[in-house]
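One structure, as structure tokens, below. Some questions next.
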Amino acid sequence: MPASIQPENAAAPRDRNIVYAGDLVLLSGADRKPAIVRMQSGQEYQTHHGVLAHDSVIGRCWGESVQTHLGFTYTILPPSLDEMVRDVHRATQIIYPKEIGYMLMKMNIGPGTHVLEAGTGSGGLTLALARMVQPDGRVYSYEARADIQATAMRNLERVGLDAYVTFKVRDAEDGFDEQGLDAVILDVREPWLLLQQTHTALRGGGFFCSLVPTVNQVGVLLRNLELRSFGFTEVEELLLRPYKAVAARLRPVDRMIAHTGYLIFARALLPGSSISASAVDGSDEDTDDVLGDL
Amino acid sequence: MPASIQPENAAAPRDRNIVYAGDLVLLSGADRKPAIVRMQSGQEYQTHHGVLAHDSVIGRCWGESVQTHLGFTYTILPPSLDEMVRDVHRATQIIYPKEIGYMLMKMNIGPGTHVLEAGTGSGGLTLALARMVQPDGRVYSYEARADIQATAMRNLERVGLDAYVTFKVRDAEDGFDEQGLDAVILDVREPWLLLQQTHTALRGGGFFCSLVPTVNQVGVLLRNLELRSFGFTEVEELLLRPYKAVAARLRPVDRMIAHTGYLIFARALLPGSSISASAVDGSDEDTDDVLGDL
Amino acid sequence: MPASIQPENAAAPRDRNIVYAGDLVLLSGADRKPAIVRMQSGQEYQTHHGVLAHDSVIGRCWGESVQTHLGFTYTILPPSLDEMVRDVHRATQIIYPKEIGYMLMKMNIGPGTHVLEAGTGSGGLTLALARMVQPDGRVYSYEARADIQATAMRNLERVGLDAYVTFKVRDAEDGFDEQGLDAVILDVREPWLLLQQTHTALRGGGFFCSLVPTVNQVGVLLRNLELRSFGFTEVEELLLRPYKAVAARLRPVDRMIAHTGYLIFARALLPGSSISASAVDGSDEDTDDVLGDL
Amino acid sequence: MPASIQPENAAAPRDRNIVYAGDLVLLSGADRKPAIVRMQSGQEYQTHHGVLAHDSVIGRCWGESVQTHLGFTYTILPPSLDEMVRDVHRATQIIYPKEIGYMLMKMNIGPGTHVLEAGTGSGGLTLALARMVQPDGRVYSYEARADIQATAMRNLERVGLDAYVTFKVRDAEDGFDEQGLDAVILDVREPWLLLQQTHTALRGGGFFCSLVPTVNQVGVLLRNLELRSFGFTEVEELLLRPYKAVAARLRPVDRMIAHTGYLIFARALLPGSSISASAVDGSDEDTDDVLGDL
């Protein structure tokens, strides 16, 4: 029933199986370092193994293979969001796709969501958020350093998602302009310094998330969340374990990433609301209060 | 700058901070078994600790707390997608939100995506997909058992997402109607039996995913993916480790879920395309071919 | 070449395949809650499924099965050290065998080692240490509460290992009697309070270990180890993931223990020695000094 | 009470705090690649940062630091068993200390144990077993390749533990000489081929262990263990997660070893014994029998 699948651009019926000029293409070769390239008639892409004319890709079918002038093979694939995030030019450490995907679920970020992030960094998370909130939602992205945000903007432009983002070069400690937001994500070193403006920007019950690398940061953040009328706090980490995908010798790979960061989720409560995670865990007594001043 | 945030329903300006009749509300009490309820004037919700009139919630602010007739407190929150998935009435085991979020990233499932799943099961994954593909995308959901799919449909109706899903009661082995799809997810016991119709339904380069509990299933699936013109195969697992969110005694919880399943991702290639993951790993020699017939 | 295997007790040649009176036997039934019992002629063991006369076990072969008077089957096995540790009567939380085994390796605890532990607790670790240091080594075990140590002593007597342990009822803060020890293990809530007496009790370069449940305790301990002339500090955790041992449906079990504690290892250095782990990691700069006072 | 600590060698009282000629010393410098060296008067050790005369170490205190002729500092430490295993000259992949420590606990390997291993490999496991079974136990180590076993023998001689091992150059498929053994460890590619001779060599109820890298090997081994009168089978894996030991920025290291192998433990039962792990798990039904021929 292919007729039920509407073309993304209704102006002219497009065959979803064909690569058109303007499409983003993942070129994946034997070296397994794929590149994401926007197809433009007349242009060339320089691989490690020869030149690939965009016109030798345009009009071909997705999933086909093409060859460089040196005879090396590349497969033409639509890029995943995971691949787009990993492909950003990096000015800073990016948040990994496994954490981003989990944030989408835990903060209900999807079509129509209004979400703020600080700081922009390389724009990997910005890109994923922009992909998900369209067409009616919006991403507000703050970054203190203009040069870093410029890199992020270019990363968004490359994949055609910049229209869904409002970029602001500003130290987040100077406050946010928005109110009534669905979600705020703090990807900064000292997220606890931004909790007051975060609470002001969020609508009641709105979603908070921060990702920090050290347990010390988790501790400071937890203490400040309680003081700033956040509740339902959760701390979690996600571990991704890849396997060698060989049927006859199936096993995990030798080495994996051991740590990308601790995820802290919370909800903005109205002052006076009384339920918090710490109340629930208050009966915990494996170590006593003498550690409280740690 | 709240003016920049557009109301979801343009017919009447809504205050994003207020609960309206018709809104889905997460009611979260001290027992931490939250419920998701759609507010309807005149109705009542029966908690474990007394009755809560919907009219005592409608018109209140998100993030506020309300009390049952017995004086127990519940906080009013917008539900996350994670919470909506966990809240479905279960006829079968659900896919966990951590895996769903990762699938969104790895298969670029978002606004505009056309995705097929088999089988529907309890509709937890269906619900998350429907949330993400709106307004222009679509979910096609196959299930052999009518009673199970009926439960899933009710789960989607409860949260107002059924309009984005085409449900079909059919044994997936009888084939799929769709073509040119962006992504197919097989959540069945023997996904290898459905690879031919999956390849036919996918557009070239389209995204494949399956989640299976045992290594034996992974092995059979890997062998069949290679035979059926799928490539770029990846096998991964995700582990979620929650912490006790207590600043003075921060530590992982005592017990965690050790296994939800192995995720297998692949891409539909056009016959003749030559790159596959197994070619890349072909030099692996930690065990030899005598194991190949395992 | 069985002749090369000497009987443990040279007084009378024993057949290593036969259960003798006085032997410790693991009785393992279908309910998989095995018990460790010392065989004594004329005695009976009361299972959940009937009575087992010790005389029906004595003289049988290890690995055989016997039946209770109700016809239920139990297999006769020599107990592992893991099983002996898990079988202690518990007055307190025990250290898990996976951590104990790793301590043996990291601290070179084996025949001839002189090792001190504080506190004794239920004696699970004490039991394992006593098993390993014989015949020439020794375990010194301190515990503030006499009633708890009495339980531990009985646990050691049950398995015949008490002769290798010197028990002392004393608050470890009052100091240790020993000097020149190979290793000290602190299994107390505030191990940092005992570092001075630990350093005095250890020989130069001696092994230190502590196991604590929270990251806060790890932080305080690390700071104090540096101040007290310990070096080569390591922090590690061990995760044990069991599988369902079914060939046709091999997969991890559904739930696992997520956390038993953080292991901190260090070495006693002579004052003036300059190498320490923190010097090596000093270039780390992912968060700055403002966090140092956490 | 240092008098209670007896010198290991009663011929002459030794001060446990002093390095003597003949002692094994771990020399640990700022580069953190420690070496294990046996001290011999008149000899020199060539570091990456200058020459260290053994006579500048002999007579010093354990835990002190010494300097090379270029002024670089090395700390004098007694080596741990973990460090000795990691320091073996490698002809093959070694078993990691975390797995060895766990084997000691699960198989009750300690003073007095008679244990067989096949194959010897580089002797890392052999070394640890020899350390633990002394003075009355014994290690029997089989290896098909004479050159590999020669390397292992030298590794044992270097640390003075060869007296506790009987080395045999033989293909383990030709059978074992021993009977009545406490434990057998198979570290070979196809352990299932050796189960009959393993059962013959073990005393009743004796401990079996094998470590294999792939799930396919686990599957074949499980099926054969059942056929060969082994029971109480367990499959487990151990993950070691190291942390950066910095109090102000405590967090896991970036990368960790994701996989060293699957541990399979079992017990030798007498034919006719009826309890087995698979019987207990027989009610498991998450996938059906059609997968049994995998």
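Observations, loosely collected:
Residue numbering begins at 1 within each chain, and the chains themselves are lettered A, B, C and D in the order written.
What we mean here is this: a contact is a pair of C-beta atoms (placed from the backbone, for glycine too) under 8 Å apart; a residue touches a chain by one contact, two chains touch by 3 or more.
A quick note: this is a predicted structure, and the numbers were derived from the prediction, not measured.
The chains touching chain B as well as chain C are A, D.
If you compare A-C with A-D, the chain pair joined by more contacting C-beta pairs is A-D.
Distance between chain centres (mean CA atoms), chain A to chain D: 44 Å. Computed centre separation for the pair chain C/chain D is 18 angstrom, with centres defined by C-alpha atoms.
The set of chain C residues that touch two or more partner chains comprises 213-216, 218-220, 241-242, 248-251, 286-287, 291, 294.
Against chain D, the residues of chain A that register as touching in their complex are 213-216, 241-242, 248-259.
Residue ranges on chain D touching chain C, taken from their complex, read 1-2, 4-6, 8, 15-17, 28-30, 32, 61-65, 73, 75-82, 84-85, 97-98, 100-108, 110-112, 114, 128, 131-132, 134-136, 138, 166, 177-182, 203-207, 215, 218-220, 222-223, 226, 231-251, 262, 264, 267-270, 272-275, 277-281, 284, 286-287, 289, 291-292, 294. Looking at the complex, you find that chain C touches chain A at residues 189-190, 213-220, 286-288, 290-291, 294.
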